[in-house]
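Structures given as structure tokens follow.
First chain A sits with chain B, and in the next complex the same chain sits with chain C.
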Partner chain A sequence: MNKAVFKTIGLVLAALLVAMLFFLPMLGHYGNDSTLFTVTLLLASVGTAISWNLTGGFTGYVDFGHAVWWGIGAYTTGVLMSNESEWIPQQWPLVPALIVSMFFTALVANLVGRLTMRLSGPYFSIAMLGFFVFFREVVRVVGPLTNRGIGLTIKPVINRPLWYYITLIFVLFLVYLSWWLRRTRFGASLIAIREDEIGAEMRGIDTTRNKVMVFTLSGAITGLLGGMWAYQNTFLDPDIAFVEVRTIDAVMGTMLGGLGTVAGPIIGMVFLFVLRELLWTQESLLQTHLIVQGLLLGAVVLYLPKGLMGLVRGEVAFLDRFRERSSTFDGMESAVLEAQESSISDSENEHPNDPVAMHPTWDGRTS
Partner chain B sequence: MRKRLRLALALFMAFGLVAAACGSDATDVVDSAGEAVADAAESAQDTVEDVAEDAADVATDDGAEDDAMAEEGADTIVGTIKIGAALSETGKFSVEGKDSRQGYDTWAKWVNEEYGGIQLPDGRYEVEIIYYDDESDADTAANLVQRLIDEDGVEFLLGPYSSGLTTGASAISEAADVIMVEGNGTSDSMFERDFQNLFLVATVASDYTKSGIEAFAAKGAKTAVVAYEDTSFPTAVANGAIKHLEDNGIEVLAVETYPKDPTDLSPIISKFRELEPDIFIGGGHYIDAVLFTNAADDVGFAPDGMLITVGPSNPKLIDELGDSVEGVVGPTQWEPTMAYSGEWLGSAQDFATRYESYWGEAPVYQAASAAASGLALHIAIEQAGTTDTAAVRDALRAMNVDTFYGPIGFDDRGVNTSKPMGTVQVQDGAINVVAPDGAAIADFSYPRGN
Partner chain C sequence: MTRVLEASGIVRRFGGLTAVGGVDIHVDAGEMVGLIGPNGSGKTTLFDCLSRVQTIDEGSIMLNGTDISKMQPHQVAHIGLSRTFQVLRVYRELTVLENMELSVQWGDISLLSSFRKPTKETTERADRLIDFLLLSRLRDQQASSLSGGQRRLLELGMALMSDPSIVLLDEAMSGVNPSLVEQIKDRIRILNQEQGVSFLLVEHDIRFVKDLCDRVVVLNYGEKLAEGAPDEIMENEAVIEAYFGDDGTEGAGDAGN
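On to the complex of A and B.
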């Protein structure tokens, strides 16, 4: 009953939020260009976090160079839409440019994935960091195509409401994609890879193929978001398009919300965003807001290792400690034992990380 | 037990969030209430003034009396002009961001405290600058400019620091038809977009080396080599330099580029040594000046002239390298010693003295460029006699004035082409302006060491 109530409340809140987002541009002053711009940027970072979560959360491959796809997508759109590229001086219309950006990024991600997805743990993370720096330098070197370090300028045609709706619909689609994927055989295979890669392989899952597939998908999503951003920002050079902070934000937001969950990246990014808005608008924190933000986030990660989704499920580090300590008191002991038991049974019932529970064909083998 | 704890914690969090939200809401309400009262007062005042004006129009016989009344009214503060700026308080441009903010504030403080407010037909207006921190990030800068326009209702904008941030931010102000005057984003490509609302008081990047190269040519230099960092601003400077070299009949023997954040530039210098050029032109950022000078010393490369894009105008370089930088030449937007002055803020030296009294440190040219941006806007508003965007834009286009920063006059792109870029040379451990003639305080020494 508890779970059902939580689920209903969550769904109602989500529906309200979506309705609010759809009507936002019609709310006069509250839906002005400034608000729409801010929310569009937030939606784009939610989209990036969702795509990072596909490899980092579902598959367990922590990607430290994810922003490279954003940069490649942005540059593809920039090269096609700007007249400053010597090799492609024609100015393409937006939609074909975005489609090409998505497919080109997917292609590069596929090739890179074939190499890096064979590595594991920190080796993969560091290789991706390397590819991030590598592609930023490639952009500088391929001068006639990318206009070197000078950068590309796109003709500014800014229609905020239109842009907002395009981003909103795309991100809603991503949320659905992530939710749906989690329930498919492919999604279950990814989780199996995260939990026990060798085991998954022994059970007949083509792990490399699945890993490269999810990596390509993740790259394609971020590449498209990057292309959309380039069009909106109207200017890009290697240092603006390839920014480490985009990766850090995606990782931080996902960890904060809850790694490997559907709602985690959304909740985490929104929390991060609201925190920033509350901090930097304080005039007294004009020069120190980033320090305060860093400290607060450090504290949240220390005390909520499973993210905000963990908080909803009642997994809080200091509460666990409090429980350990209080277990010395006789009167409390039984209650705590009960709590621990229920936590174990909870995790058995609803543990999302259990590939066996997810995959119908494995039921017989494990029972 | 566990459920209760969970519930208590969730309630606590929810309460915290609501309290935080209410806190800001409450201030907003108070703010908007205050604004409403102020608006009402203002409109009441406007009505009174309109009536007074009408009366004055009717009573044409008492002309002298009217003038006296108008003058009396003109000296009182009747309102505020809101100006917005996104600047880098944090991140990689935080130092230059602070210099720019102090520059803007020097102008604003002077306008409000000494000048008496911007003069419009109906009286004087104080200026208020609203600042936000763009974290040296392009997205944030663009977002904040949109916020300044929509939320804070600013009438004009002053620019952020760096070309990268200004390019995106100015696209927003252009779309919203708000004028942005800036002094610290100088890449040429920004001004090739046919924008109507972007104005640069500083010299554009491609002209950084113009007066320096002309000085070299006048002294008889015939050959040159060029090396630059492969990023936006140094590339624009170097492309301009190559053009100016060719225009002045100096042959370019070689052009080399190097990636961002170099650690050793001696391979390039070794190559240049074999070519034996008369002059060397190079640079990107401050550290490049140090690397080039050290490499030239190590390799034994001693051309007659050395022009380094960023560094020679900074006293720190002399402290760091001593005699090695003797005779090195560099461009500068502005120096306190330049022989410029105007009816606002006095001479270049007056500005430096005032700046130092406000902030306890000498102004760098980024600060002067920022102050000059505010001043150009100020003069345009006064000449237009209104804060109407179209009228102020026309006034900016028609502007031709002398200031502490040098002459200000914009071309069709919005670039101040009236002010030449200054050139400094390190002479006996001092930084002296040697070109152009209008600003020079010392003779240009060529070849180096003569």
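On to the complex of A and C.
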């Protein structure tokens, strides 16, 4: 498909989706309390996947403990807004509590990032899994602050539509942030780190600084989403605040949509969410819907490594393999064509009208 | 003559193996120095040490009078040492221009600047280099669509973006078709003779080294075996023995060149 047409269709669909989301609370039966709660959770999951994609997709550091930031953000909001914490019994208002949650999570992420972002590949992933377990247990142990494993209750002040719109606007902002970041030199440096870290260093990029920066940003976003969830949920304990499935969802959604792309986490999470709803509401699949999801992820990794975005762009692993096999049969012909192409391109470069002839030196001076 | 790079007593060990054992090497301003030696003689390890990609166990490295022995590679890149790699390191997903712009300009190192779009000066500089390296028509194409030789030129351009005083070229001609070899050689010569950029280059093609270099350093088993003008080196008995073996029949794989 032509790139411009593909882009236009994508933008039109995105605009329709956003319009639909904006009008959802006004749709009577469809915009009821339960639907809004569910869609708000979906939006928060999309936000988490976007933030995971910053480290896992753009930078290539696959974080298996990402849900720890959600848990820390949720607990910070819980401790500040609940009166069940012995050390901080005052009940903070919502906005300052959320701001503190975001900055506190960012601080912890920054410290953890300084330690773990030195590791590479599976060592980083496993270290993050370790930190996830560590912080979950810390929350249980620091009893006077977190009310032990019993949990914290936040006084409900629920205005579901308002809460829905706040989450929607925040997630739209995250989509923009991710898009904008990818287009800055900082974003390009993250891609460079993912593709070749030593090469990036040698090109003058402070890879350690940029990795810790993006990790901190990713932690701050998920921390804030965790805080927002805690407020909406009105109750939290370590087992529901620190849940591995949140990381698995973020990884799965991003991979489904397209790792390291801006639209990937959004498309993937929405697809995953709709699929899950369709599967578990089927009586026959009630016990097995998670198996189907697991198989789906395996199939995506094997056959659609670039996710649904790759599928739309025609980048499909088994099709590529088929093309490779076909090209082997035409090996000789291709080699001849390539040689011809190469000689044409070289002679083009030597053309007397080449701009180089007019710019013989690279600093603009003429020799 | 001003000394751009001076490394003294460089030692690099991997467990019980000494890959580089006390090598002294220097490059003066505007000089082009070749570093040759049989496979496994420690050339790339020495390059890695000089560019700080690897730490050194002993010795010191001075760049334009500054001790860089304990610096990070990106810091070294900012103060005037740039390099290319034996295995190409261009970013396939980025366009030619983006690859160039990514390579930070000297002095443009603040975090804030990396959140802005590349400055007009950076883009102009990248464009001039793209023109100079004969890649103008590929400017907006993804690096993945470039041929091996074109990617070598792009990598050279990326190395030049930081306005380096010295460039370390690690087998810049590897896998490049002969017509492009001449182009690359030509560009390097212009950079050296007209812009005064110093080069230290590892190359297996002896003719290339002979054509371009003012001086050649030969490594063998991690130690300096010989040093001198290219013609002297080609006739040096010890060098011939290191390449061909003492019975003159055993090749090191590079002898054909």
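To be clear about the criterion, the second predicted complex is superposed on the first by the 315 of 367 C-alpha atoms of A that agree within 3 Å, B and C clash if a C-alpha of one lies under 4 Å from a C-alpha of the other, contacts with A are read in each partner's own complex, and residues count from 1 in each chain.
The definition used in the following text is that contacts are C-beta pairs under 8 Å (C-beta built on N, C-alpha and C of every residue); 3 or more make two chains touch, one makes a residue touch a chain.
Computed from a prediction, not measured in an experiment: that's the story for all the values here.
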item	value
Chain B versus chain C as contact partner of A:41, first or second or both or neither	first
Partner chain(s) touched by A:244 [first = chain B, second = chain C, both, neither]	neither
First, second, both or neither for A:289, with chain B first and chain C second	first
First, second, both or neither for A:278, with chain B first and chain C second	first
Where chain A meets both chain C and chain B, residue numbers	342-343
Chain C-facing residues of chain A, complex	183-186, 188-189, 191-192, 195-196, 198-199, 201-210, 213, 342-343, 345-346, 348-350, 354-356, 359-364, 367
Of chain B, residues touching chain A in the complex	1-3, 5-6, 9-10, 13, 20, 24, 89-90, 131-133, 135, 137-139, 142-143, 146-147, 149-151, 164, 167-168, 171-172, 174-176, 187, 189-190, 192-193, 229-232, 234-236, 257, 259-260
Contact footprint of chain A on chain C as seen in their complex	51, 53, 72-74, 77-78, 82-83, 85, 89-94, 98, 101-104, 109, 111, 113-118, 125, 128-129, 131-134, 136-137, 147, 158, 160-162, 177, 179-180, 183, 190-191, 194-195
Chain A - residues contacting chain B, complex	2, 32-35, 37-38, 41, 84, 137, 140, 148-151, 153, 155-156, 158, 229, 233-235, 237-240, 243, 245, 278, 280-281, 286-287, 289-290, 311-312, 314, 316, 319, 332, 335-336, 338-339, 342-343
